[in-house]
Amino acid sequence: MALRKVIYPGTFDPITFGHVDIIKRAMDLFDEVIVTVARNPAKTSLFTVGERLEMLEVTLKDFPNVRVDAFDGLVVDHARAVGAVGIIRGLRAISDFEFEFQMALMNRKLSNGLKTIFLMPHEKYTYLNSTIIRNLAQFNADISDFVPHIVIEKLKDKIKPESLKKKNSIM
Amino acid sequence: MALRKVIYPGTFDPITFGHVDIIKRAMDLFDEVIVTVARNPAKTSLFTVGERLEMLEVTLKDFPNVRVDAFDGLVVDHARAVGAVGIIRGLRAISDFEFEFQMALMNRKLSNGLKTIFLMPHEKYTYLNSTIIRNLAQFNADISDFVPHIVIEKLKDKIKPESLKKKNSIM
Amino acid sequence: MALRKVIYPGTFDPITFGHVDIIKRAMDLFDEVIVTVARNPAKTSLFTVGERLEMLEVTLKDFPNVRVDAFDGLVVDHARAVGAVGIIRGLRAISDFEFEFQMALMNRKLSNGLKTIFLMPHEKYTYLNSTIIRNLAQFNADISDFVPHIVIEKLKDKIKPESLKKKNSIM
Amino acid sequence: MALRKVIYPGTFDPITFGHVDIIKRAMDLFDEVIVTVARNPAKTSLFTVGERLEMLEVTLKDFPNVRVDAFDGLVVDHARAVGAVGIIRGLRAISDFEFEFQMALMNRKLSNGLKTIFLMPHEKYTYLNSTIIRNLAQFNADISDFVPHIVIEKLKDKIKPESLKKKNSIM
Amino acid sequence: MALRKVIYPGTFDPITFGHVDIIKRAMDLFDEVIVTVARNPAKTSLFTVGERLEMLEVTLKDFPNVRVDAFDGLVVDHARAVGAVGIIRGLRAISDFEFEFQMALMNRKLSNGLKTIFLMPHEKYTYLNSTIIRNLAQFNADISDFVPHIVIEKLKDKIKPESLKKKNSIM
Amino acid sequence: MALRKVIYPGTFDPITFGHVDIIKRAMDLFDEVIVTVARNPAKTSLFTVGERLEMLEVTLKDFPNVRVDAFDGLVVDHARAVGAVGIIRGLRAISDFEFEFQMALMNRKLSNGLKTIFLMPHEKYTYLNSTIIRNLAQFNADISDFVPHIVIEKLKDKIKPESLKKKNSIM
């Protein structure tokens, strides 16, 4: 009977209750869950890696077997370095499916033996993602059902009043 | 028996016969259809909001219960302001499906009671969208089956001859 | 400003809260909603048409602008006979999508002008359908979150104790 | 430069204009197209293999490089026996996609070198299939846009008047 | 650090290398894997529950932390009875996705706390399933890449020579 | 019996073994395969058209009936200019499906008679694409199973050491 760690990589820009839901499920299934922030050069992030780590730490501080970090390079290398047996990914909808499978297969090829474990969040989070949250925050929409309090605070700081003067619309 | 308005939001950059098809269906189902141009900060549009409104007005001028406007902010707030009972969206293919459902769910959460009504365009418009039209216009392809005359004229003005000197190709 | 009726066809074997959710949305959008039971020769139904009508009537008795009936033949002919402007269909998930589009296109071809109107139920009903209810009822599972009280009663009568003696399992 | 034959297997119960559309495309791409009727034990067919062959032969009699036959056993064995370089399959919609890919992969495994060639029918046939035709024929719906004249005649013979007395409905 | 069991339910009619692949992954992630045969009244199975258990036991006899059983009733009740923290399911392709999500959501509703864990088999098993194996076996196709030796033997016994005299074909 | 050419357009930025797999299949089905590089203004490419042509030529130099070129403008015009009867496209997964169908339908409308021929690569290339290769190359991951030797060499030249100093991560 071995102690089993898993890694839960993501951009978390910012963390949502959909992410929290996945983390809680993983906590019950494995001995340690390492929530790890990817520095994604292709996407421009709203929050710095430092800010994203801070929001994760505040949100997850009472979760006993959860640890937060960030990684550079390939997730499979980071997983090996921390001794993880698997990568946790949330699977919400068909649109996630193929991207996630592509990643899982590549990671399997790059790291013999590392498994990807898909968990399904509560159906109320099926259509929630960080992009929507960033968009809603621009218009002072009520997002308290979707993100922790710390994220609401940070979004207020980040989204400057001048951005609200621009004429924008979201459908 | 109440008078019922609906709102049909979109970028309409430019309007196509696929949009016109949806508007005609909505006209028969509701008392008033408000076609409303979204100012989308995330996407760079080819036409200004003013140009898009002009093309819509010319195209829809003989449709008795259709009105054209533009909106800033959240579509749910605009729907409430104009007294709409629902949001019309065209649903053409699987690729539309999840994005549209995400939007519909968010809009439902943000505005209790507002409904999203999905209509299906004629199958000949299944694979038509504004992006393809903009691409085809660059190469002087015949697009008269896909967009109104006013759009063909406006695209000619917009796509400068020098752009055609660049070596490009589309598949 | 015309009075507008719509038709909501289905097998309703039995009615679930997912169906009720769609009916409520349609009630707010149209002047009259006719919930109409299809006699489907290809599927063997658990309940007779009479039993299905009774469950619908009990469930929908306080809905002011909803009427219940059954039809023989093509739904487009029935829609024309009752003067409906459109057919309401619930769209829950990708698996619904193609079947529904096929039906909508065929109905459009068979009856020029009749529109199919897709509404999306609450996300908590995304994965609910009558088949699951029939399966769960066999094992005395608690289905009170999914179907009206009258359905629970009728299922108890229908599913005889001897069926529970057979060794079955559902995943 | 080799003479290249392809095989187009199907149940053709009955042939539709969607099938004819695929056959015409294949005719222009290959030297000979063998349209071959599968005897499918799992599905109960409306027409006998002999009737299906007759409808194919009448429909395709003026197509110079098309031949009709039936096969027993594995399609890959029949393809080899007739010297085909590939199997033609129509791909209309997502729902076709996975079944077809499964078949293509199995056939590749069972017969090294045999290729599956997917062609897309005209979009007006996207939602057409033999099952819908059989259902519509029961109600004397006008199907002349979907199937050849010989099929309409054969369906009249096959669907006895007494079947119309039963109370059925299709959505 | 708790000992964690998971349950892997299925019809296994018969077991394939795709199932074995999922079991091996689950073995590395959890302390005990209970492979449990569902008695499915809706599907007619080729093998009896006893035969399916025998094939599983022979195939999995050298897997140290794997146990085989069968269950009656709801899988969530069986999971609770054996003390499982989760249900393992293989997820191969889009066609699996919605059925599996429906099951996972229902099981979550029926049994608070039980998690469904999705694992992805090797891509070479993406399009493999028990139905294909049963079909191929009818024609003496070589299936040794897809199923264990014991299954090939059992299929030979089960599929009587007389069934091969019938004129059938598979695409 | 006519000599039949087909065109296989793509960005090939860079060529992968998935592309090579499709080219080999097309070679057996048609008399000549023209692999043609699209200059795509919308996507920023890593390699110049000249570099992409060089990698294709080195990779395909021993393929007797394959020719390499580049095109400007519409692929349908280029197909007509070289006398091609069809356009070859690889179809790997659902995510390809709708984009490819949209392209195929537009090309059919723009060029009466030109056919799109979909081929399926080996399942081991289902989740391979050029974007993944470019990402993996940044981290010195072993990509020798996915691309020809010439591509590995060119990627080493292209991806400057300084890019590796930036803190990035890929999942």
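Couple of notes before you dig in:
Letters A, B, C, D, E and F mark the chains as written, and numbering starts fresh at 1 in each.
Please note the rule applied: contacts are C-beta pairs under 8 Å (C-beta built on N, C-alpha and C of every residue); 3 or more make two chains touch, one makes a residue touch a chain.
None of these values were measured; they are calculated from a predicted model.
Common neighbours of chain E and chain F, listed by label, are A, D. Simply put, chain B must spin 180° to overlay its Cα atoms on chain E, rounded in steps of 5.
For chain F, the chain whose average C-alpha position is most distant is C. The interface of B-C is repeated, with over half of its contact pairs matching by residue number, by D-F among B-F, E-F or D-F.
Separating the CA-averaged centres of chain A and chain E is a span of 32 Å. Rounded to whole angstrom, the centroid-to-centroid distance between chain B and chain D, based on C-alpha atoms, equals 38 Å.
Residues of chain E found to touch two or more other chains are 94, 97-98, 101, 105, 123, 126-127.
Pairs of chains meeting the touch criterion: A-B, A-C, A-E, A-F, B-C, B-D, B-F, C-D, C-E, D-E, D-F, E-F. Touching chain F in their complex are the following residues of chain E: 94, 123-124, 126-127. The touching residues of chain D, when paired with chain F in their complex, are 1, 3-4, 25, 28-31, 85-86, 91, 94, 97-98, 101, 104-105, 113, 115-120, 123.
Interface of chain C with chain E (complex): residues 93-95, 126-127, 129, 132, 136, 139, 141-142, 145, 166-171. On the side of chain E, the complex with chain C involves touching residues 9-10, 38-41, 70-75, 77-78, 94, 97-99, 101-103, 105-107, 109-110.
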